[in-house]
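There are two complexes below, and they share subunit A, which is joined by subunit B in the first and by subunit C in the second.
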Partner chain A sequence: MKQAIYGLILFTFLALPPVANLLESIMIMHMHMQMPLLVFAGFLIARFFQLKFPQFFERWNANGVPGMLLFLIIWLYWMVPRAMDEALTSPFMELFKFFSLTFLAGIALRDSWKKLGNIEFSIMYIFFTLKFIIMGYLYLAIEDQICNNYLIIEQKTLGWGSLAMAVCFVIFGFYWHFTDQSEYQKVDL
Partner chain B sequence: MNKKDNTKLAILLVIIFGIGLFYISTDGFRAYTAESARMYDLQQEKPTLPNVTLKDSHARTYSFDELAKDKYVFITFMYTNCGTVCPQLELNMRDVYKQIPSHYFENDLVFLSISFDPLRDNPEVLAKYRTYFDSDGETWRMARVNDSEELTNLLETLGVIVIPDDYGNFQHNSAFYLISPKGQLVEVMDFTKVDTAASILLDHLDKKVRD
Partner chain C sequence: MEQTLKETKRQNPKKLLGVNTEDAKVALSYFTVAFVSLLLGGILGLLQGLERADLIQLPSWLNYYQVLTAHGLLLLVVFTATFTIGYQFANLSHSFGGLLPKVRKLAWIGFGLMVFGVALVTVMIILNEASVLYTFYPPLAAHPLFYVGLVFVVVGIWACCFGVFINYRHWRKNHRGQVTPLLAYFAMGVFVLWFFASIGVTIEVLTLIPWSMGLVETTNVMVARTLFWWFGHTLVNIWYLVATSAWYVIVPKIIGGRHFNEKLIRLVVILIVVLNIPGGFHHQIIDPAISTSIKFLHVFMSLSIAVPSLMTAFAMFFVFERTGRKLGGKGLLGWLKKLPWGDVRFLAPMIAMISFIPGGAGGIVNTSNQLNQVVHNTMWVVGHFHVTVGMSVVLTFFGICYWLIPYLSKRQLTPKMNKIGVIQTIVWTVGMTIMAGSMHIAGLFGDPRRTSDTSYGGHEVAASWISYELIFGIGATILLVGVLIQVYAVFNMMFFAPKGETEFPVAEPEDNAAPVPLWTERWGLWIVLLLAVVAMAYVVPIVDMILNAPPGSPPIRTW
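Our next item is the complex of A and B:
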């Protein structure tokens, strides 16, 4: 329960207008900091819902696949340049961003990722690694301004940021592949 | 219902939700950037242009309506100090210009490059700039809008977003705009697709001449 309170505090902090404005004024902070932090806030808040409505998650998200799909859809949605632009210009979209990333993506992720089997987990891992590589490449290769609210130089920065994330994912992949995870998993269960 | 069924139902619902979300927010999978959404919206709305007063490279002053009387107007927005997209935009405009038979320029069509930097782009600067693109200053004019309120109004109507950067330059979205003889916006075209723009323009002109 403590976790949920921390999550709520984080969420409130991110929603403070000066904090939100600051993070949104720089493209890479908008996508690689504000959005993941919102998901993380939801991840913490999820504990409250898991304790309160255990049957709901048990029935609707037994194997973690629906939740993971929901997380993926919400996350991909906010990668659409238009969605990012609209979050800045329309208050309704801004509200939807805070709600969807925290309460849909964050909670779904928390409830799903441990339930996923090895194959599903690998698919997710490959998907996200590829996503970061492709996005990084796209943002570096495109010469046009794709967000009306951000300069091209910020787009390039975001491209390098995505590639850096991809590198982290690849490193994690090696680590995960070459170490024996069974001991950790026993402890977790 | 058993547990397994619910999970499958949940997957289905999530997928439907996802398709709906993307469908609605991209105007039916058409517009993935705010820029393409803007172009799509403009094509649907066909707004009428506000009248503005222009000062061109020959230092002549006239209203847009005077210039555009019974003519199609092919417009781009630029500023002469621009080192990035504007030269490309104007070069592409020249390529469109070259594809249009000259008799259309007698009564049916005029090309117009509008500067949104009235401080620096005075008639002398525009007169020099136009020579870089073989603009003759008559059938293809370069002009600025003197009045800042008129300019803002015009840019807003056409959804042109201009962001000043830290180095005295501007970053802005670019497109070819076609205004009908009635003063209505009829086309917003991708400025990188010269041949497409030229053929769309010719279609409109053919129709006008036939009528």
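Our next item is the complex of A and C:
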């Protein structure tokens, strides 16, 4: 429950106009900081809904796959340059961005997190790694300005930033795969 | 079986743990280099203080800028690095019951590389080929061999890093389901941070070598400065992590108490490791080529380090009060009187911690944009880091010497040596307070740092700070006395003190302490988080500096 309150505080903080304006003024901060933090806020707030409506989640998200799909669709939607542009120009879309990332994507992600099996989880992990690589490549390769609101140099920055995140994902993937996870489990002597 | 093992550990830790003789040699060799550097650096500090106060005139073959470069490098890099390695390897050896032979070999290789590198750097400074100050920013260009010397120092540090990583992995593999001893955990934090900190400066130096040789014509000054502070700022927090390892684990034992909740201590280590590197931007608040909004975002990064600092302050005073009360202290502050003020092993780190209060406050001033405009490149900054490094860190290091060196050399800390230590601590505190205090004030008047003559032909504005420069001369003289006492004490305890046993004071957890969660040992995760934070923080300014780069600068020699 405490978690949900922290999540709400984070959400409110991100929604403060100066904070939102600052983060949205830099393309990479918009995509790689504001949006993930909104999802994270929802991830924390989810605790409240999970405790309040356990049957709902049980019924609709028994194996975690529907939640993951919802998360994916919303996340990918906000990766579209057009969508980011609209959030900047239309207050309604901005509202929808805050709502959908926190209360749909964040909550769905939390509920699916523990339910997904190893294979599904690995698929998601590889999918996101590839997404970072492809996006990074695209943003670096494209010579045209693809957002009305951001200059080409911001696009290039986002490209490098995505590749850097991909590298982090790959390193972590190897670490996870090749270290013996049972080392971190308590053993009784 | 488990129960009896725990029992022996508690009652007679020496039976199980201990630095073995081979490892003690490693640590003592590093300490020898550290304190020789302190002596040389201290003498140079006094010389430049007196030159500034116009009390002496340095000869042309050893000018102020050579002295300043050597003072900065010998104390800031060589003294702190060699002390840290000696102390951390002793901790590791004690916690793991001895280093692996190959790790010890790596420590010796690191020692050789570092000594060679430092010798090369020093020779180039003395030959007046490298008056580039310890920050060696381009476009000031030193002789290529100066940078080559720096590479040797860094590679030496890497050898030590790999040694620690190998030993840590080895221990974890053989102790399934257990958490590493707290001091070894700190050592991991220190060397992980060191490894990633040094990557920035390595890239910088490798680009400066061909540039100073004339193989490439220009270099990107802004990128070089940014990479320097990636390292420089992180180095500061490496010392701080080393000092906190003593505050959290050693000091409670000395005062007869138990250490704070281990989970929180480990959380402090993790936060410092993960969040640290981007703090480097607070050294570039005045630099052009970084947009205001990015600078603003970075204020959060550097203030976020205040979180673990405040946690530490809270935790330490909690431990002091709890222990003081257990020893019978009454009333609001009565517990303070119960602390062993006459024991140098406590007094020195305690004053170090107290000086972290003004030091931290000054740091918040420096990292605030508008206030930084006032103090940037004035003597205020020099005053600031003599309080933080010169007191908070160095006094903690000095305090460690009084038990670690006799422990390693199998000698005793005699009551007389303890008294010498107490006197040294007081001399140092008085000297540093006078020197750093007057530096802060002179800085507010506008006295520039790194300038040999600041009288400006007797201009009246300059006259406002000249008298404070005489005061730093006095402080500097007292400090040199402190250096001499400390160096005497160190070598006396190393070679001449009476033979005997000395305690290696490691605090135990409270009896009812909660178990330490194993997830804190996931260094792979902390490292990936560190990399992600670095990537997010650096990508915007660096891409901007490179894609919008000015023509670049050729090497420049101003001397």
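Going forward, the second predicted complex is superposed on the first by the 181 of 189 C-alpha atoms of A that agree within 3 Å, B and C clash if a C-alpha of one lies under 4 Å from a C-alpha of the other, contacts with A are read in each partner's own complex, and residues count from 1 in each chain.
In the analysis below, a contact is a pair of C-beta atoms (placed from the backbone, for glycine too) under 8 Å apart; a residue touches a chain by one contact, two chains touch by 3 or more.
Just so it is clear, the model here is predicted, and its values are computed rather than measured.
**Q** With both complexes overlaid on chain A, does A:Leu38 touch subunit B (first), subunit C (second), both or neither?
**A** It touches nothing on subunit B or subunit C.
**Q** Answer with first, second, both or neither: which of subunit B and subunit C does A:Asp85 touch in the superposed model?
**A** first
**Q** Which of the two partners, first being subunit B and second being subunit C, lies in contact with A:Lys156: first, second, both, or neither?
**A** So A:Lys156 only meets subunit C here.
**Q** If we overlay the two complexes on their shared chain A, which of subunit B and subunit C does A:Ala62 touch? Say first, second, both or neither.
**A** Once the two structures are laid over each other on A, A:Ala62 reaches subunit B alone.
**Q** Show me the subunit A residues, by the header's touch rule, that subunit B contacts in one structure and subunit C contacts in the other.
**A** none
**Q** Quick one: which bits of subunit A touch subunit C in the complex? Just the residue numbers, please.
**A** 22, 25-26, 28-29, 32-33, 153, 156-157, 160-161, 164-165, 167-168, 171-172, 175-176, 179, 182-189
**Q** Considering the complex alone, what residue numbers of subunit A touch subunit B?
**A** 58-63, 65-66, 69-70, 73, 77, 80-83, 85-86, 89, 145-149, 151-152
**Q** Enumerate the contact residues on subunit B facing subunit A in the complex.
**A** 3-4, 6-7, 9-11, 13-15, 17-18, 21-22, 25-26, 31-38, 161, 163, 165, 171, 173
**Q** Could you pull out which subunit C residues touch subunit A in their complex?
**A** 1-2, 172-173, 176-177, 293-294, 296-297, 515, 518-519, 521-522, 524-525, 527-528, 531-532, 535-536, 539-540, 543-544, 547-548
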